[in-house]
Amino acid sequence: MSWAWFHRFGSPPYFYRVAGILVPWFAWPAAILIFVGLTWGLVIAPPDRLQSDAYRIIFVHVPNSWLSLMSYSAMAIAAAVGLIWRIKVGHAVAAAIAPAGATFTAVSLLTGMLWGQPMWGTYWAWDPRIVFELIMLFFFLGYIALRNAIDDVSRADRSSAVLAIVGAVNVPIVHYSVIWWNSLHQAPSVLRVNGPSMPLAMLAPLLVSFLGFTCYFFAVMLVRARAEVLRRERGGDWIREAVAGST
Amino acid sequence: MLELSDLHLWRGDRHLLRGLNLTLAPGQVLQLLWPNGTGKTSLLRTIAGFMHPEAGQVRWKGQDITAGRDAFHLDLAYLGHEPALKADLSAAENLRFATGMRNGASIPQIHDALLQVGLSGLRSDQPVRSLSAGQQRRVALARVFLWDANLWLLDEPAANLDASGQQILCDLLDRHLGGGGMALIAAHQALAVDSSLCRLWRSPAEQP
Amino acid sequence: MLELSDLHLWRGDRHLLRGLNLTLAPGQVLQLLWPNGTGKTSLLRTIAGFMHPEAGQVRWKGQDITAGRDAFHLDLAYLGHEPALKADLSAAENLRFATGMRNGASIPQIHDALLQVGLSGLRSDQPVRSLSAGQQRRVALARVFLWDANLWLLDEPAANLDASGQQILCDLLDRHLGGGGMALIAAHQALAVDSSLCRLWRSPAEQP
Amino acid sequence: MTLRRSATQAAGAVMRRDLLLAFRRPGDWLQPLAFFLIVTLLFPLALDPELGRLRQLAPAALWVALMLASMLALDFLFREDAQDGTLEQFALSGQPFAALLLAKTATHWILTGLPLAMVAPLAAVSLGAPASSIPMVLVTLLLGSVSLSLIGAIGAGLTLGVRRGGALLSLLVLPLAIPTLVFGARATQLAIMGESAEGPLYLLAALVVLGLTLAPLAAAAAVRISLE
Amino acid sequence: MTLRRSATQAAGAVMRRDLLLAFRRPGDWLQPLAFFLIVTLLFPLALDPELGRLRQLAPAALWVALMLASMLALDFLFREDAQDGTLEQFALSGQPFAALLLAKTATHWILTGLPLAMVAPLAAVSLGAPASSIPMVLVTLLLGSVSLSLIGAIGAGLTLGVRRGGALLSLLVLPLAIPTLVFGARATQLAIMGESAEGPLYLLAALVVLGLTLAPLAAAAAVRISLE
């Protein structure tokens, strides 16, 4: 296969333009899907036999949890691309993902804690998955902190990239923690080899809101990444045209 | 043979080097007498491979340095603003370890080196910390020529050196060039090296 | 009026200064051009009160400095080998805090000072870390004269400075001396200050 | 512009400078926080979690964590200023040296001790302490962090002075800090148990006063020596 | 004399140099040791000592202390060499950079991790662990300290670019170190309880291997970047 597309997408002007075009295609679906998914999940979907309405947090918790893992992986990959092939766009994307990912992780933790109260009778349990999710939050924060601590952009890019890549070991740990340790936390009930163990009436809205949050993720990521690209392309003359064009 | 072709370097938001070209042949020395803040240190660090130019390339013996980095570094001796000495070790110990990493130098060689830079008077157990600024510079110079590398990159080597120190420096340089070495020197007063080999370069604007 | 009488100073096991006498009257500058490692820095630091001489004393306005230390320090501006700048603050911020501890200097005064040392071009938020060696020296010089202290102790102030920088330094000195200030300078090339006021001192052996 | 600044003005300038620096590098004061939180988080991980046991362990965990966090930060209290020559300029400023160093120490406390004391109750609760105990825990930790910063200032000064005595920081500071730790932990424990912690609290306060009077002078002396 | 030194010779030179330096400044490696001992002694003080409970706490106390002690030392791992320009010379030595940094890390472990692991059993006993458990405790701590040093090397490298990087160091390192801590403490606990600690021990060993393969490369990358 040819790597042309790879390097083309890695060229800032091209990325800037394409990203600009893509943003609305994610923003609108995000708004609609999240709205549909949440109203469906929180209002229409039938209450659970065991946990009546408490379970409805799932429609927020699970999408955010999944996205927290996905966004970290995405960040690590983008950073690696930037570091290995010296492609600035990669760093820009990684930098753009970090805050969003941190938010997803925080939301996952918070909703999890809220859910823990009715389910486990405590907000906070020293459960592997919970702890490693918390560690992931620390990785996101550490990444952001390291970026801010280094004033020179390109150095900040590559230093933080190393951190992002190193932190990637944490992702599988979070995912498999429920299997490796006997933990309080749910074992996978959706992403299972032999199909989800969840009634469709719950699964459907879950997937819809998951799609919604994912679109939201991409929209935010692209917008921020464009800004980051601009910051890196000091004085590149394509910028003047691009900005002039966009206004 | 060192070649810089169309080098562009940014620091922060400053476009320091705009399409810089230069070649350095065996036996030649080029003295950068650019004004403050115009990019001497940045240029030397770029050649050494610490910084990465936005455009253009640095070639050593015809090969891009990013390709054969280790080989290039073995031919290179870099002396920065920092003396890069361990304050708690004696001058001789510092030199022993500095050479121990590249080409082992024997104790006599090291003492000879210290003699040449005019530091034979030191107590052997005197830590570098207790040396004066100029004495520390001299130790760093001794290290540079103990490495007998082919290409010297010296950033203001004469700083803190008294008259005799500068004379020593010039002698070292002449010997280095005589042996087919090359040197790129950032300075503010031109050093009195044999002028036939030596080019002065007063500002990044004009070409050398 | 600074007076050193029969000063004896040891560093470790070296007897650096042996009965040194010297007086500096208003409007005078004395340049120490001693060789490396002969005690320039040590002497300046002793006068500043960091080190204590084994024998002899340092008098300022007739009074031993150990007696009226704070008063003496208010008349004193010391510039050492270290620029003593905060790498994470901008040049202007550094100057504001440096003066804020002694005599408040207004923002315009500070910008004027930066202008005089030829740093008006800097981005106002550029941290000192990102300045070149010579630019940092210039900031340190700006601090010295913003303090408008009576006695300047400068340790190799011309280090890292290009030609224009050295010219600026000389102008500052001339102005300082013209205003009845005094200066004691360690250097390796004599600075071209108005020679009537200026004495050169080539080795600790001879008297100035 | 030669009118001499008063000592308080000078100290103020020093504090403003350090605050600005911290603002430029949020990492510096966020780190002890993160460190503290992570450490308190480590204990439960290191044990198999069981809230009853955790609660007994809480005071020890909190205080050791607090102490280590502030120690870690203290190592940087003077070192950087010493290396770049700023301390020399302080010594030459014609201002009372002890006052300037006290200003530095105070800023350091504001940036590390204070936030630490603020988040500590949170950590305490996560370690199973009852919410009702929070105010007392807060007070004890506030007092404790103050005296830790002061004690640390002495240590930092001494480690500057003695080139080869890096061990001094812990060998001198930790023993000095032990009384604070003991009384502090005791007070916290009583607070968590819901009993009156007056006794140890008074002792803590006494330690703070002692520190305020002695530490700046000791530190100033130590640092001056290191400048020689 | 231009014959090129092999990578191992170069690494050897680096180790000898660091050992000599440590010999000149015993403080640097005595400090973490003293720190560790005092911390482990603090626990009995911070709690009211009652051996039964102490024994339960021993693993947690040991491991947290071990971790913090090595953290404290880690900040010195590269910083000094970075400031005085030695690391630049390493990078220009034409030798594999990762190997040189690994050599530095190894020396650092010999000077801090090893002694720590050696005195730890002592501390364990003082915390009420049975003498019979000492060998196992020793093994777990040895393994743990190795991987802590390796992880720390990454953090130290990353924070070089930042002045006062100690600020970020622990924030970056502690999350990485938590698995080591969890398994290590579990193993120590089993050892103290006199049960078989094989499971966690294997995991610890796995972490060490992982660290040995990844850490030097990551650290080298990080340091190179910081030299820019």
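Per-chain numbering from 1; labels A, B, C, D and E assigned in written order.
As a working rule, a residue touches a chain if its C-beta (ideal position, glycine included) is under 8 Å from a C-beta of that chain, and two chains touch if they have at least 3 such contacts.
A quick note: this is a predicted structure, and the numbers were derived from the prediction, not measured.
Colleague: What chain is the most remote from chain E, judged by the mean position of CA atoms in each chain?
Modeller: Ranked by distance of C-alpha centres from chain E, the top chain is C.
Colleague: Fit chain B to chain C on CA atoms, both being copies of the same sequence, and give the resulting rotation angle in degrees, nearest 5.
Modeller: Resulting rotation angle: about 180 degrees.
Colleague: Where is the C-beta contact count highest, in terms of which two chains?
Modeller: Per chain pair, the contact count peaks at D-E.
Colleague: Could you give the separation in Å between the centres of chain B and chain C, each centre being the mean of its C-alpha atoms?
Modeller: Roughly 29 Å, centre to centre.
Colleague: How far is the middle of chain C from the middle of chain D, if each middle is the mean of its Cα atoms, in Å?
Modeller: Going by mean C-alpha positions, chain C sits 36 Å from chain D.
Colleague: Averaged over CA atoms, how far is the centre of chain B from the centre of chain D? Could you give it in whole Å?
Modeller: Chain centres of chain B and chain D, defined by C-alpha means, are spaced 45 Å apart.
Colleague: Taking the mean of the CA coordinates per chain, how far is chain A from chain E in Å?
Modeller: Once rounded, the distance between the two centres reads 33 Å.
Colleague: For chain A, what residues touch not just one other chain but two or more?
Modeller: 131, 138, 141, 145-146, 149, 151-152, 154
Colleague: Give me the residues of chain E that touch two or more other chains.
Modeller: Within chain E, the residues that touch at least two other chains are 24-25, 83, 162-163, 167-168, 171, 174-175, 178, 228.
Colleague: Using the touch rule from the top of the page, what residues of chain B touch 2 or more other chains?
Modeller: 12-13, 52, 88
Colleague: Along chain B, where are the residues that touch chain E in the complex?
Modeller: Of all residues in chain B, those touching chain E are 45, 48-52, 70-74, 76, 78, 80, 82-89, 93, 97-98, 100-106, 109, 127, 148.
Colleague: Can you tell me which positions in chain A touch chain D when the two form their complex?
Modeller: Result: residues 124-126, 131, 134, 138, 141, 145-146, 148-149 of chain A touch chain D.
Colleague: Which stretch or stretches of chain B touch chain C in the complex?
Modeller: Against chain C, the touching part of chain B is residues 11-13, 33-37, 40-41, 81, 123, 126, 130-135, 138, 156, 159-165, 188-189.
Colleague: Within their complex, state which residues of chain E touch chain B.
Modeller: Residue list for chain E touching chain B: 1-5, 9-10, 12-14, 16-17, 20-21, 24-25, 83-86, 88-96, 100, 227-228.
Colleague: Within their complex, state which residues of chain D touch chain E.
Modeller: These residues of chain D touch chain E: 25, 27-28, 30-31, 34-35, 38-39, 42-43, 45-48, 53, 56-57, 59-60, 63-64, 67-68, 71-72, 75-76, 80, 83, 162-171, 174-175, 178, 181-182, 185, 189.
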